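Okay, so subunit A shows up in both of these, paired with subunit B first and subunit C after.
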Partner chain A sequence: MSKDSQMRAAINQKLIEMGERERLKELMRAKLVECGWKDQLKAHCKDVIIEKGLEHVTVEDLVTEVTPKGRALVPDSVKKELLQRIRAFLA
Partner chain B sequence: MKMEDMPLSGPDNTRLEALVHDIYSELVDDACLGLSFEVHRAVKQGYFFLDETDQESMKEFEIVDQPGVDIFGQVYNQWKNKECECPNCKRLIAASRFAPHLEKCLGMGRNSSRIANRRLATNNTMSKSESDQEDNDDLNDNDWSYGNQTSPRRSKSLKHKNGTYFFRCRHYNYSSGINYETLGPDEVRSVLTTGCVMPRCPGRSQRCPQHTDEQRRAARVFLLGRPPPLPDVDAVMESDTFDIPDGQSLMSRLQWEDSPDVSPTDSASSKATCCAQNEAKTLRSRSSAQKMVFIENKLNVKHCAPPRKLYSSRTRYALFRNTAERRGEAREAARGGQFEDVMFGHF
Partner chain C sequence: MSPAGCSHVNGYKVENWKQNLRVIYQCFVWSGTAETRRRKAKSCICHMCGAHLNRLHSCLYCVFFGCFTKKHIHEHAKSKRHNLAIDLLYGGIYCFVCQDYIYDKDMEQIAKEEQRKAWKFAVPNLLTYTTWEPTKRELELLRHNPKRRKITTNCTIGLRGLINLGNTCFMNCIVQALTHTPLLRDFFLSDRHKCEMQSNSCLVCEMSQLFQEFYSGHRSPHIPFRLLHLVWTHARHLAGYEQQDAHEFLIAALDVLHRHWDDNGKKANNPNHCNCIIDQIFTGGLQSDVTCQVCHGVSTTIDPFWDISLDLPGSSTPFWPLSPGGDGSTVNGESHMTGPTTLTDCLRRFTRPEHLGSSAKIKCGGCHSYQESTKQLTMKKLPIVACFHLKRFEHSAKLRRKITTYVSFPLELDMTPFMASSKESRMNGQYQQTVDILNNDNKYSLFAVVNHQGTLESGHYTSFIRQHKDQWFKCDDAIITKASIKDVLDSEGYLLFYHKQFLEYE
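Moving on, here comes the complex of A and B:
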């Protein structure tokens, strides 16, 4: 497994060095805004904030609320496209 | 650009896929984190809920789409026919003229001070004319009639009957000079005292440049009905008590134009009128203050007359002597006419 982790580390490093990671990130953001994922999640945030109270919201609260929902809400098309791009890069 | 080739064996494939998925998950988590930071900042800075307004405000600011009205629902020309009351002069002014009117009324606009200063200057020079020695302007006194007391300026100037000036600051009309027919006795006295006696002469000085001393002497004889006394000091005293002949005889003598004696005078005065008119053109374009200076300068050059105030005869004589000395011996030759002009200038 250490080989695996080594491999992962190497790949990640490569991704960053070549700027691919940044490009993938920007692509991800654009796609999620385009498909309305961001607005959906924002609305969910609003509910959380109102629930928790405006003054007492913390970053951790938001993060724990947002992340699982966010992962679930990503449309399949976006997911597929990104996976393809990563595979293409690694191959 | 590609990674080094990995052997695509079965387990490796799955590992690869797993790897790809992991990378993907990382990207999604980054996006989520980014969003939550953004929202949290918006909440803490207070702009998170800005796009939400209550229904009432939404209705109030709804876009209006009616004819004759803009999108805010306002009529755009409703102030056209309204009138506003000026707080200064209490008049009703149309709305579109209100701002310029206020400018002039309150004296705060760009041009309003200019107009006000001009008005002040003319008023000042009116009151200044009492003390002013020189001729302030070569004026037409056509509009200067005895009975006309309508404008305040006229009544002001008519009050100064002690041998000082009748003053018109605005109407530089050089077309004709003094019109004796329209004057009353008091005014005639003053004119003969202060201005050029020649009829139709616009000159305000006793020694206007258009006429010679001989002409003036003749004019005085003609108008006043007696030859001027001999030039000595006693005669000066007499002249003080001179009184103007009654109006009738004076008026009858004023058929000046027909008299053959007067033709040189006429030509002289018509010439004078021409020159005077040219002067008038230049002068009209300047401010009243400039006009004063201009005329004073002009007259200074031509007239070295003694001061115009009404002095005693002794003083006058002394002054005359002084001016004569200043002018030099050459002028003393013409002493005859000069002296009597000075002496008998004040009746």
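Moving on, here comes the complex of A and C:
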């Protein structure tokens, strides 16, 4: 494992142990709801389901279709804030 | 994707499977205690590549963790013929034969229970409420009662005029404000009042009836004779055909509703813990701090309130005495020096420190003697519905008159500067931090305005109420007309009703 992924794993471990990961998840959830991200993606999911047909669509289909859009639509302000929180936690 | 699950889980559901599944949820999905969290942190990595991301899944048949994205768990499933895995992020069960997530009722039940348990331990402050799902009985009821009311933007359900029974406009406008208080409306329309009063004179029952009338869809004005009779019976000082004060009626009505809430004595035993809807919606806490000018000791009391009565400029008490430390800072985007008086000005005056003067010395607990002091009011706890009463009727020894000074009030109001907590942080030198975006607790929206036209001797009450977020209507006894936001904000304003914008679970 590269140094980078080693460090990632170590940070992740610490976050989980201290329960901070859950708190960050909740914070992010709230922020993404507020900025309308959740609604945008929900609408996109509905479109995908209609396109593929309700009886045939799988979770995989949704994940493949929705993930890139979801990643792109996260506002910079949310990213910044979470990064700040993580930095503060590690300090 | 069928909600009935798939048949392949039957191979898993043998022996002690429920307990095994619970353990997996507790240890690897929703780790509640510190110990399980540590274990999760250490062991939840892919057995093939060591990564902890990539949608890690755990095999349900053996101890194997594998990435989903990199298909490591798929390889394991194929080679070992273990066709069920669980998503460690969200707890979903994946069936490799069906090639999709499956939703087995028993497994879902276990998942829900374990999630709730973990939340209780892990982070007690966060919301632990799940979305509502109808029970069997509720589904049955919905099927047997297929008639649905559809609310469109133009529908006027909930709007109804009230006949004036002889100077009863003071009662009519308060009824309009109460029937358009969202929480109160939701409470009564969901039939939550179970009357335990023996006689027929329960005002809460009558309120319930009133809501039924308003939301019945009838467009003819309602004749509230029963309500009037009950009011006369229970609030004698309001009886008679003379014009009464709408504010007095509001307080009397809230008081009677509060008293009638629970008539079988539960309240008598525990007056401080009343759980009636009136207390839940209207009761706030007003903090009064008296500071001794000598030893600077502070004596604090907190009193409940249903409304805030605000003095106006033009009354016999001066509006802006030169108080020490008065600053020209802006609050709610307004400065008090220019333009008409605003509601915020009145609130600032209400919460300013007031020197009590040498003729009103208070006994100081610290100094053990009578000293001069200052008194300051702030909001300790805000009610869900805040009612502001502009004191337009002056009944001093010298004169009885109506103060018609225009006071401008906003559609959206932030009560943060008037809170006891804000005052404390100001005193401690903390700058008012950019309010944490998750704390929207002090923001209010206007939803009803009661106005008085005329003089002290003869006048008429009307009200504006808000429907569907941005539609306003003027209620003049039996006549309801559409109004613009400008009409509302230009009106004189006597009673202003604000509703919290964001509601939270206790």
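Quick notes on this one:
Keep this in mind: the second predicted complex is superposed on the first by the 85 of 91 C-alpha atoms of A that agree within 3 Å, B and C clash if a C-alpha of one lies under 4 Å from a C-alpha of the other, contacts with A are read in each partner's own complex, and residues count from 1 in each chain.
FYI, a contact is a pair of C-beta atoms (placed from the backbone, for glycine too) under 8 Å apart; a residue touches a chain by one contact, two chains touch by 3 or more.
Values in this document were obtained by computation on a predicted structure and should not be read as measured data.
Contacts of A:30 after superposition: subunit C is touched, whereas subunit B is not reached. In the superposition on chain A, contact of A:89 is made with subunit B only, not with subunit C.
Comparing subunit C and subunit B on the residues of subunit A they touch gives the larger count to B.
Legend: residue contacts after superposition of the two complexes on their common chain; A:5 is shown touching subunit C, with no touch to subunit B. Using the contact criterion defined above for the overlaid structures, shared-chain residue A:59 touches subunit B and also reaches subunit C.
Using the contact criterion defined above for the overlaid structures, shared-chain residue A:13 touches subunit C, although it does not reach subunit B. On subunit A, the patch touched by subunit B and the patch touched by subunit C overlap at residues 8, 12, 14, 18, 57-59.
Taken in their complex, subunit B has these residues touching subunit A: 1-3, 6, 15-16, 19-25, 27-37, 39-40, 43, 48-49. For subunit A in complex with subunit B, the touching residues are 4, 7-8, 11-12, 14-15, 18, 24-25, 28-29, 32, 38, 41-42, 45-46, 49, 54, 57-59, 62-63, 65-67, 70-71, 74, 79, 82-83, 86-87, 89-91. Across the interface of their complex, subunit C is touched by residues 1, 5, 8-9, 12-14, 16-19, 22-23, 26-27, 30-31, 34, 55, 57-60 of subunit A.
The touching residues of subunit C, when paired with subunit A in their complex, are 1, 31, 34, 37-38, 40-42, 45, 50-53, 92, 99-101, 122-123, 126, 437-438.
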